[in-house]
Amino acid sequence: MDSTNVLFLLIGAVMILSMHAGFAFLEVGTVSKKNQVNAFNKIIFDWSTSTIVYFIVGFPLAYGTALYVNNALFTYNNGIELVRFFFLLGFAACIPAIISGGVVGRMKFFPQCLAAVFLTGIIYPFFESLVWGKISFMGQDGSFFAQLFGTSFHDFAGSVVVHSIGGWIALPAIILLRPRTGRYEGHLDTRPSSIPFLSLGSWILIVGWFGFNVMSAQSLDNISGLVALNSLMAMVGGTISSLIFSKNDAGFTHNGALAGLIAICAGSDVVHPFAAVLIGAVAGIIFIKFFEFETEKLKIDDVLGVWPLHGINGTWGGIAAGIFGSKALGGVYDLNFFSQLTGSLLAVVYALAAGFILYKVIDVVFGLRMTPHQEMMGADLTFHRIETNPEESL
Amino acid sequence: MKLIVAIVRPEAVQDVKDALRKAEIHKMTVSHVKGCGQQMGYSESFRGIKTQVNLLNKVRFEIGVNDNFVKPALEAIMGVARTGKIGDGKIFVLPIEECYRIRTGEDGSIAIG
Amino acid sequence: MDSTNVLFLLIGAVMILSMHAGFAFLEVGTVSKKNQVNAFNKIIFDWSTSTIVYFIVGFPLAYGTALYVNNALFTYNNGIELVRFFFLLGFAACIPAIISGGVVGRMKFFPQCLAAVFLTGIIYPFFESLVWGKISFMGQDGSFFAQLFGTSFHDFAGSVVVHSIGGWIALPAIILLRPRTGRYEGHLDTRPSSIPFLSLGSWILIVGWFGFNVMSAQSLDNISGLVALNSLMAMVGGTISSLIFSKNDAGFTHNGALAGLIAICAGSDVVHPFAAVLIGAVAGIIFIKFFEFETEKLKIDDVLGVWPLHGINGTWGGIAAGIFGSKALGGVYDLNFFSQLTGSLLAVVYALAAGFILYKVIDVVFGLRMTPHQEMMGADLTFHRIETNPEESL
Amino acid sequence: MDSTNVLFLLIGAVMILSMHAGFAFLEVGTVSKKNQVNAFNKIIFDWSTSTIVYFIVGFPLAYGTALYVNNALFTYNNGIELVRFFFLLGFAACIPAIISGGVVGRMKFFPQCLAAVFLTGIIYPFFESLVWGKISFMGQDGSFFAQLFGTSFHDFAGSVVVHSIGGWIALPAIILLRPRTGRYEGHLDTRPSSIPFLSLGSWILIVGWFGFNVMSAQSLDNISGLVALNSLMAMVGGTISSLIFSKNDAGFTHNGALAGLIAICAGSDVVHPFAAVLIGAVAGIIFIKFFEFETEKLKIDDVLGVWPLHGINGTWGGIAAGIFGSKALGGVYDLNFFSQLTGSLLAVVYALAAGFILYKVIDVVFGLRMTPHQEMMGADLTFHRIETNPEESL
Amino acid sequence: MKLIVAIVRPEAVQDVKDALRKAEIHKMTVSHVKGCGQQMGYSESFRGIKTQVNLLNKVRFEIGVNDNFVKPALEAIMGVARTGKIGDGKIFVLPIEECYRIRTGEDGSIAIG
Amino acid sequence: MKLIVAIVRPEAVQDVKDALRKAEIHKMTVSHVKGCGQQMGYSESFRGIKTQVNLLNKVRFEIGVNDNFVKPALEAIMGVARTGKIGDGKIFVLPIEECYRIRTGEDGSIAIG
């Protein structure tokens, strides 16, 4: 049975690993051609540093286990703790990958990598430990929240812990960084470089998401077909609503599928499939409306729209679980609305504060922003001395 | 010697090449361009942001010819590139002062063909 | 054991989900650059509407289970019925994805989405129920066919039920729609936009196919290494024959692999691996010959060649199982040739009739065809107001 | 349990199959645009011929089982032997895929396919049988090496058997073939065609690698979380070191991840995760240094750098297992350094000899090299009569 | 009749199109080009191999006009394409000897507009 | 002032740029084009459908120079772009009537360099 659980978690871990290629292609397709190479190197490097940092600091912080000092764990139960680390690392590494899409095109390479170190080493694992980990505060049976509200805060696969944390940390980073040069003076061409790469990224994320959600059961015995079905239903709801509301806009449609998946993570194990469709459909529209509000009204230059996509929809997912996670509405379990609401809002506050402090400090110490000339030349030439189709340049 | 610059619809390219070949004109330089004229453009939209795009795909032929080939070339092109609808394109004839064949270094009217 | 079966079916379901990205990229690579965005939005939207429709109407029609009215199923045996739905949805959703490749470049967006609703809601599930489902007619033990021929109609993973139905429905749709403007007057450039995207699509389909075929066992106990090996062998046979016969043509080679996989679905659990090579090799050649016959002789403008690829090769697969599914020829089971032949032909008749009626009615009521100006501008600008590489336009 | 093992091996087999799409895209992205189509057709055709040849000749040679003459195996234990073949085929088929990247741009199509036949039919399986197969010489318990050194030669997932054999066979092939025209006279543009395709290839390989390594346990009971973690750690080590050492070069970074994975295969089940990071980090630097040494100093025109990547790093992996595979250094097993060293070097000698003879004979009999005019026009037009974006040509 | 060939920064394209439209010049052919001038190029590097790339992205307008439109066109372009930093580009005015509208076969100054 | 339009092989581009630089010519506009001349084309085929493609990749240089720079420019280009095999390309010299530097508004021979 342990060997089976190792396989189970491993499949999830590898699927989440593959999602990082999805993050990369989604960014590559959405940004300007002069910032494509940078997206690739950034994502793979952030994944790599996150691995080291989360292994040494983050995972021990969240769960109390330092795998590297306990060789017995290497073989105990086929090494299941190692694979659990790998699986949970995938979640942690989403944080920098999410933020990356918001700050693209004008953030310096190493400061942004440095941020990843703190994000996956401390900021994310601390919150993680409050919900899933060793600090019995929000999500654990008998935790503070459980005592306060009667039911603990429920976030099955990370709407709040992963997506909202990532998306809300991105917001201060994007604001501190200021818009790309010319973004609100009409000089900047904001059109995406490649719909096929955008779509490829979206598909890779969609497919990998089933590892993200289903394997969050963490043991095969607890696998739930409902989680799989609800993830599907929310993806479908997000796709349909955003396609219709955006009048068949390719960018919104592909992000709508992701919006649905983000929002369903929290309650995927408890809500009715029709509720999942609804949660996803609302998420698709949330993305459209808040993306326009953010980038046009507030003039916050969030390139991929990571705050509305991951931030607001993550929060929506946490709250929605509190609404639809109820037997009266066809669900299989009764969650507590106030527990969900409080937990979801707490994450917002934590993420905003942590994000502001982190990026402010890095900005003051190292500087976050590329020079105008670097920005004009593009991150690819600036940091990697290469264009995305090198053979074509003259 | 003249340089004939012809902007045509992408759909007409194969026919123009064939017509020129029939008119014994075998040498040309061709490129993808975007053009606007009486033909309407269109507006694009991505995630709610609209962009006015009024340039459509066209193909540009550049053909250096001796003077006696100008007329046959024009006729060849106009014979096949005309659909009668707006967007068919334009032909400009420019004067060439000198012409060189890189391979041999020859110049003048012998070099152009 | 149930949890293991949930995992087993889920892996299959997710692999088939990923194949829809493959359908999209195969289409994107093969069509003109002005129809790429449309392929993406069409496939993801068809998937989404198919999910809803098959959940509410199609699956209950085929198997008699309406999952949404029976909350007990959400947790019964780890929710296995929900995952079975997800898995079988993948098959249903192939129908519009197959047809999409034939009608591309001149069909209006919403009529084609509407067709998907009827296809996955009624037309496909009805035939499915005759072979695999609750109407004991062709494929079930003791069904009408079993009584008539001694052995029931065998279609292990859908050569006939999925591929031939999809491919033969496409034929009347393509004919009703008429060729793209200029296609047979020499004005139309039929060259593909991108071999890399075509190949990517083909590879995604190839890889996902092993979920399609292997998980058709539907329970881990019944998993069959022979199914996996025969799928591989047929893919390989199709690749080799089509590469050689087409003198190394990249389009035929990549479709040849798919032709082999389509043809082996029906008999993959019963034939000898060498028979699988042969079935695949013949399928590769069938595609080449019938594609040329269809598009050049019959002047039917089937852009991706979905009728020869899925239609004829699906039928060939059903019949081939009747030939090679015999112990005398090295197989592990004796199928009945006439049962296979009759079943395969019945599918042709059903699909042609259903396809004709469906698309004729939609044509009369809504109109199927884009205007000549829309066709010239491309489906991307017409329906999505964007080009595939927006940043490049001026 | 057998059905579970079938699933286990099948997941590995399919993941390795997918890696061949990765090989294709890595090559496509790195080479000139005029050689892209060729990469696709070459890889899929090599995979196909390898399947047939390894099935009929190679696998029986290595393991003594001719599956096609023993129909009982088709159903015995859910056909597990068939899936084992599929899994091990994936390794064999890597050999031509590895070499392909070195000889690209000037090798004729059919001679290179012919080489694949001998490689996967005889040359690779013979060495394979010495380590993993029926000839008890190097890797088996009680083999010659085990007697000589006390511990047999250990190559868990093929650093030596697969990668070093492939990479070192490529070396004589590349030398015999001579550099691309103008390569060392400054006329040749060596810039890659597409970083996105290069990165896509790299990501597909990275993800698939976890099937390559983890499923090398060959039965679920033996699954090892340590193998998964160490693979991850080496990938991460290779990425980080090569990014830093190459000053953020996109080509080196993406190949560095692969370098780490290649080097860890041999010892992934025995070393400490920190040792894995180190092995990977060294591998990343090895690639950079030896690639420059090979292509600039030795003027060997190894286009993708397959000799330093797979050859030298494979050897390094075999030796590194002998260094870090020791309980004193935190590992879980004590390997013998001399056993590892001797085995790794033996592979070098064997591969060089076999590669030289094979390609020399093919060169003399059929000729390996394209004509200068073909080279100038590109392999795509020469062998496939098509360009990679056909619609764009005029 | 003159052919105005203007090389401008990619960032200026929308403004140039608008300015021309305001000057009643609606017809043009445009293409992506690479240019070098006083503006510095850059060097690329891939897997240790450096390449000197000194051509930057520019956009080339080609506008056939009657003589009285030359001045308005030049003013329109220079009015919006100037940033004052090196790299702003050049305008060349070439003589056109003949001009034809393919759609109608018309020629001369009536055909150009 | 003259506009030199040179069509060369893609392989020659780096050498042409270097040669021009040595001849003190630093300003140019370059683009990818397709060309056909005495050099044979090829035919493509995809899924059994053949297309005649007779245009090969070329690179087009466009160099505005003052009259005294014409000869050095021609010599520089021909010196390095010549392989002696067909396909080497052509050079056309066209008259320029006016030239403007967008950055400063300067015109004439001072603006071109």
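Letters A, B, C, D, E and F mark the chains in the order given here, with residues in each chain numbered from 1 onward.
In this section, contacts are C-beta pairs under 8 Å (C-beta built on N, C-alpha and C of every residue); 3 or more make two chains touch, one makes a residue touch a chain.
Not measured: the values here are computed from a predicted model.
> So which chains count as neighbours of both subunit C and subunit F?
Common neighbours, subunit C/subunit F: A, B, D, E.
> If you walk from chain to touching chain, how few steps can bring you from subunit A to subunit F?
Shortest path length, in steps: 1.
> Can you name the chains that touch subunit E as well as subunit F?
A chain counts here if it touches both subunit E and subunit F, which gives A, B, C, D.
> So which one's got more C-beta contacts, D-F or C-D?
Pair with more contacting C-beta pairs, D-F versus C-D: C-D.
> Express in whole angstrom the distance between the two chain centres, defined as the mean CA positions of subunit A and subunit D.
Centre separation, subunit A to subunit D: 34 Å.
> So, what's the distance in Å between the C-alpha centres of subunit E and subunit D?
Chain centres of subunit D and subunit E, defined by C-alpha means, are spaced 51 Å apart.
> Between subunit C and subunit E, what is the gap in Å from one C-alpha centre to the other?
50
> Tell me, which residues of subunit D touch at least two other chains?
4, 11, 189, 191-192, 200, 249-251, 385-387, 390, 393-394
> Spell out, as numbers or ranges, the residues of subunit F touching 2 or more other chains.
Each of 14, 30-32, 34, 44-46, 51, 55, 94-95 in subunit F touches at least two other chains.
> Assign the assembly's chain-to-chain touch graph to one of these shapes: line, ring, star, complete, other.
Contact map by chain: complete.
> For the complex, which residues does subunit A have touching subunit F?
Going by the criterion above, the answer is residues 392, 394.
> Would you pull the subunit B residues touching subunit D in the complex into a rising list?
13, 30, 32, 59
> Which positions of subunit E touch subunit F when the two form their complex?
Counting only subunit E, the residues touching subunit F are 2, 5-8, 31-38, 52, 54-55, 58, 60, 70, 74, 77-78, 81-95.
> Could you please specify the touching residues of subunit B with respect to subunit F in the complex?
Going by the criterion above, the answer is residues 3, 14, 17, 26-31, 62, 64, 94-103, 105, 111-112.
> Which of the residues in subunit C end up touching subunit F in this complex?
189-192, 246, 249-252, 255, 288, 291-292, 296, 305
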